[in-house]
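In the two complexes below, chain A is the common chain; its partner is chain B in one and chain C in the other.
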Partner chain A sequence: MENTSTSALANEPLLRIEGVSKIYDGHIKAVDQITLNVASGEIFALLGGSGCGKSTLLRMLAGFETPSQGRIYLGGTDITDLAAYQRPINMMFQSYALFPHLSVSDNIAFGLRRDGMAKEAIAERVEAMLKLVQLSQYTKRKPHQLSGGQQQRVALARSIAKQPKLLLLDEPLGALDKKLRVSTQIELVNIIKEVGVTCVLVTHDQEEAMTMATRMAVMSAGSFLQVGSPKDIYQQPNSRQVADFIGSVNIFDGLVKQSPANSAQAQCIDVECADALLRVPSNQACHVDMAVGVAIRPEKMLLSHKKPSAKINHVGGVITEMTYFGAHTNYHVKLASGKVLQVQVQSHVDEDNADLSWGDQVYASWGDNAMVLLTQ
Partner chain B sequence: MASLMQTLKNSIPSWLTGRRLVIGLPYAWFLILAFLPVLIVLKISLSEMQSTAVSGMVSWQGAWPSIKLDVSSYLFLASDELYLATYLSSISYAFYTTVICLGLGYPFAYFMARAPKQWQALLVMLIMLPFWTSFLLRIYAWKTLLVNNGLINNALLAIGWIDSPIEILNTPFSLLIGMVYSYLPFMILPLYANLSKLDARYLEAAADLGCHPFKTFWLITVPLSKAGIVAGCMLVFIPAVGEYVIPELLGGPNTLMIGRVLWDEFFSNNDWPMAGAVTIVMLLLIMLPLAIYNKLQSEGRA
Partner chain C sequence: MNSTALKWFGRSWMLVVYAFLFLPIFTLVAYSFNDSQLVTVWSHTSLRWYKALMQDSDLIAAVMLSLQIAFLSALVSVFFGLFSAFALNRYRRFTGRGLLSSLASTPLVMPDVIVGLSLLLMLVSVQQALGYPERGLFTILLGHALLGTAYATVVVRSRLTEMDSKLEEAAMDLGCRPWQVFSLVTLPLIMPALLSAFLLTFTLSFDDVVLSSFLSGPGYSTMPMVIFSRARLGLNPSINALATVTIVVVSIVVIATTLYSLRQERQRKRDMALAQRE
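Then we have the complex of A and B:
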């Protein structure tokens, strides 16, 4: 048994997931050896495509699924064997699961009544919750009489009414249309922060994860590919899959050349690609002739008619496509190897070289730090 | 050819559009096969019996038609307490049948709906299996099971639970057995149809909010299956009130059911107006509460 001193208790994260797996039919690993700590006050996002295991992991936290292996601790207490109705965890369901036969206020009061709270206290809390989500005038309505956005707010109010230690959000904005989603994201985060509840949310929408989460995990095939802040994951993806999943990206395939022992930079790796020689700042362990990828985000590239003076870190090609988006313009540049490069140029930058057009021979260049070496 | 089509088209009245036809057909069906027969029964109940047929209602005195309504059947119905007692007893038997069917059928339907998907079709088949055998045959079969030297009594004697055969057949108890047995599928099927559509996420949401599974059943499952409960209860209660065959075969001479009174009025007493009156009153007794319930329901929803 571990010896819990006071300092260990203070460092105990709110949620501790230890080697949790979910195995179906003896061999299908929906969730594979997940270990994760979530600190109090965090909004943690599980991001991944369908079937990556993110929902199964969330359902294990809620208590709807039992882990095949591993333990789950909440505030230092092992909750792995507690039934869903015994856990101080509440969930906002995908498409809400509001009780259709109960009014808005009865939906919100449902969990409070189960706790045997006094009637006046329940009424007070329900009122406070309705005020928080700005639905005070809809108390008597049934869920089907509300719009999608209003239902979403009732669902949120219901899930935080019991002041859970941990709030779970399953695709919280999945049922809303695109325009409503953006405004609701901000509103949702504001309410969560106001209440101060720790949050684990599941989403397949990378924008949603990036805007809402303080920290996130990219999941695939039941495992975490990368865990970090949205910025870290965007700027420093650790694998092709992550780079590809989060935003758009250009990946150059190449082989590691002999290490540049006499380079000015302390840690650089030369990668020989079909279209260029790239010198990538990286301290990853590589050996000569290792197949690697170099990721560069489209918005970190510059386009110009003029060939850069340096011999490395640029490519030449022909503009095959350009799409004007107002704030920025997307270009497709076809390289000699046949690879099509995506370049995004901000409009204010673009004004300097407004003469870029279809069929032009151009050069794309970028700063050293725009490149990320991907060894897997 | 074109002119022929045109002639055909012109011969169809202009008001007879496809839309009206589609809406009109079910109404016509209802009018001809449900409403009209009730009107005929109503007419018979207000006529006078003349040897083998009922009297005409309209007679002509010169140019003036005179309508003769004979309400004597209704007056007799109201004056004889036996009819009232029979109505009450019919309704109470139907009520108990419905309650027992609901009590047995609900868990049945619940576990059917929760069974693995590949079993459900088979279970529905099993529920409907008795319908492949004649209804009369099945009730006769119960007779042989329930008589004093029948299977049930013999089995109870053999294991020593009773010393002498107990009287089951021709009691209210045997009547209820037959009624519940016959009507149970009509309770289970609508309940199953309803419960199998129940979204499991509501149950999860209840659990998530700290609700014990038992309580979830009463607070979520039952209210959400109300439509199925109402449908099942109607499908059992309405035909059970007018049931004739089961009380005749299993109920013995002392169980009062309105279906048997009807039979007696028609075929023993040959009193068609009386039988008509009994039918109309029964119809009102069943329809009025349902109409009121429906009205309350639709008002509650608005």
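Then we have the complex of A and C:
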């Protein structure tokens, strides 16, 4: 009996969400049948627009909402019916929710005092936390006497002071101005890694999710569209919605031309689009005349005045817009079909064809691996 | 009309309004130092009526009774107001919520005469059935607490509504049981509202005539009741002295609290500006 339980624990992910749904008023599905495992040490991001259910899912993990269906396990223990104050889970709130009537150190000590920890131990832990977030000289201050970035660090210190098994971050950088965000992002990840706490974060900002998370889920209408590493999701989106949500993308709509069987090298699927014939490497199941999309990231395209020699995988058009960003330049190229293509050219590449300008007839081309076939 | 004329018109209008508001009070204060027996005739300055006030044991007893009732009813009102506001604000669904919500605000709109009369009728029949309560301090307190609870509920409820509910969630997240959330986070944060609810209900009780008249019994006359009854018989300038004392006390309290909260607010703004600059 004991043996089986320990061996089961060895494979048990830290957090296991099993078929969890949250249904309001009997029919509004805020979260719909979510199943997810998060391993110990992961930083997992839930990414989605507002109303996609990511916050509801996070609140169910924290214990502020009870799932209508499904179970949540933490370290093998079913925590679904535990109250928020009984869970070894702490949360950093979007607006920080620092107690305005308590000093910085009292805020951090708040959770420790509820555990009935000895006074000396609390003082020691608070000091260690303050050191970790570099706020040692601010112990006596009240939250309103701190800047936004400092408040965020106090909130972080407070949420990890109890050494939770799972740390929840609700839009961790949402309340900071853009300038502070990038530096704070790195700082936050460093502290989380130093402490070694497993983390689930919620964000609507894809950049935030990509830079912070080791793995992420893109959510929409209460379900996961795709789960994977940030790189996987960016490079291999599994649907139009994901491709569209993460970064900018050009999607060519077309019909599958011929069965993929005959190609010599890798498996390829030919897609006939309004502007070009695309040969997309893919082993997805397709049939002739199936409507599909082909996604190509703007930075994976090249622009040239010369028409490429190959017959496939390029389009021609006219530059209608050109925005110089320093490190790169964004072009809008209007194709014959009326579709506007976004192309991003790095400046060092651009030097070779610096004469690209408004109204020029140009050709955009790309490598085989730049294309992703989207069947849904 | 040119702009100078307009400016002067504005100023004189303001003067008229101020005079309307404060002239009666100043007259009252001035006549408390008048030596004459008649309220309307000035003879010369003296503290005669202050001495008379100190010897007027009826009036002093009435003031003491009023203070006592005001203090107790404010305490009771804030206590019940706090819990009804909390229940209405934090528990969105329970049986009788709508009833409680409307009952809690009924005394605000109901004329005092009707509240007083209905309470009196109820108390009389209760007394006939049980032999208790005797009309007096307790019954006046009951009426004032009823009215005060309605006001306290409104004041506390608005503070609870504007309070960030995330703070309570954070407390729970950090291991607080519901009652700890309330005592460690909610209560300290709504303390200012409780204080202002206390002051408001204290004042309401202190100057109430209508409810007190209905609910008091023999030997229990509050200060406003005594003043009111004396006014019918012809006022004695010692009432002016009493009013002056009251005005001075109230002004000191109001000015002190205003200055204090103003200073707090300025300090807070300075702190916040400083924190942003660092």
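In the analysis below, the second predicted complex is superposed on the first by the 366 of 376 C-alpha atoms of A that agree within 3 Å, B and C clash if a C-alpha of one lies under 4 Å from a C-alpha of the other, contacts with A are read in each partner's own complex, and residues count from 1 in each chain.
Keep this in mind: a contact is a pair of C-beta atoms (placed from the backbone, for glycine too) under 8 Å apart; a residue touches a chain by one contact, two chains touch by 3 or more.
The structure presented is a predicted model; accordingly, all values stated were derived computationally and were not measured.
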Simultaneous placement of chain C and chain B on chain A, clash or fit: clash
Which of chain B and chain C A:120 touches, first, second, both or neither: neither
Partner chain(s) touched by A:355 [first = chain B, second = chain C, both, neither]: neither
Partner chain(s) touched by A:147 [first = chain B, second = chain C, both, neither]: second
In the superposition, chain B vs chain C on chain A residues touched: C
Contacts of A:25 with chain B and chain C, given as first, second, both or neither: neither
Overlap of the chain B and chain C footprints on chain A, listed as residue numbers: 62-64, 83-85, 89-91, 93, 95, 97-101, 110-111, 114-115, 158-159, 162
Residues on chain C engaged by chain A in the complex (per definition of touch): 164, 166-167, 169-177, 180, 184-185, 188-189, 268, 271-272, 274-276, 278
Contacting residues of chain B [partner chain A, same complex]: 199, 201-202, 204-213, 215, 219-220, 223-224, 226
Touching residues (chain side chain A, partner chain C) in the complex: 62-64, 83-85, 89-91, 93-95, 97-101, 110-111, 114-115, 141-142, 144-147, 150, 158-159, 162
In the complex, chain A residues that touch chain B: 62-64, 83-86, 89-91, 93, 95, 97-101, 110-111, 114-115, 158-159, 162
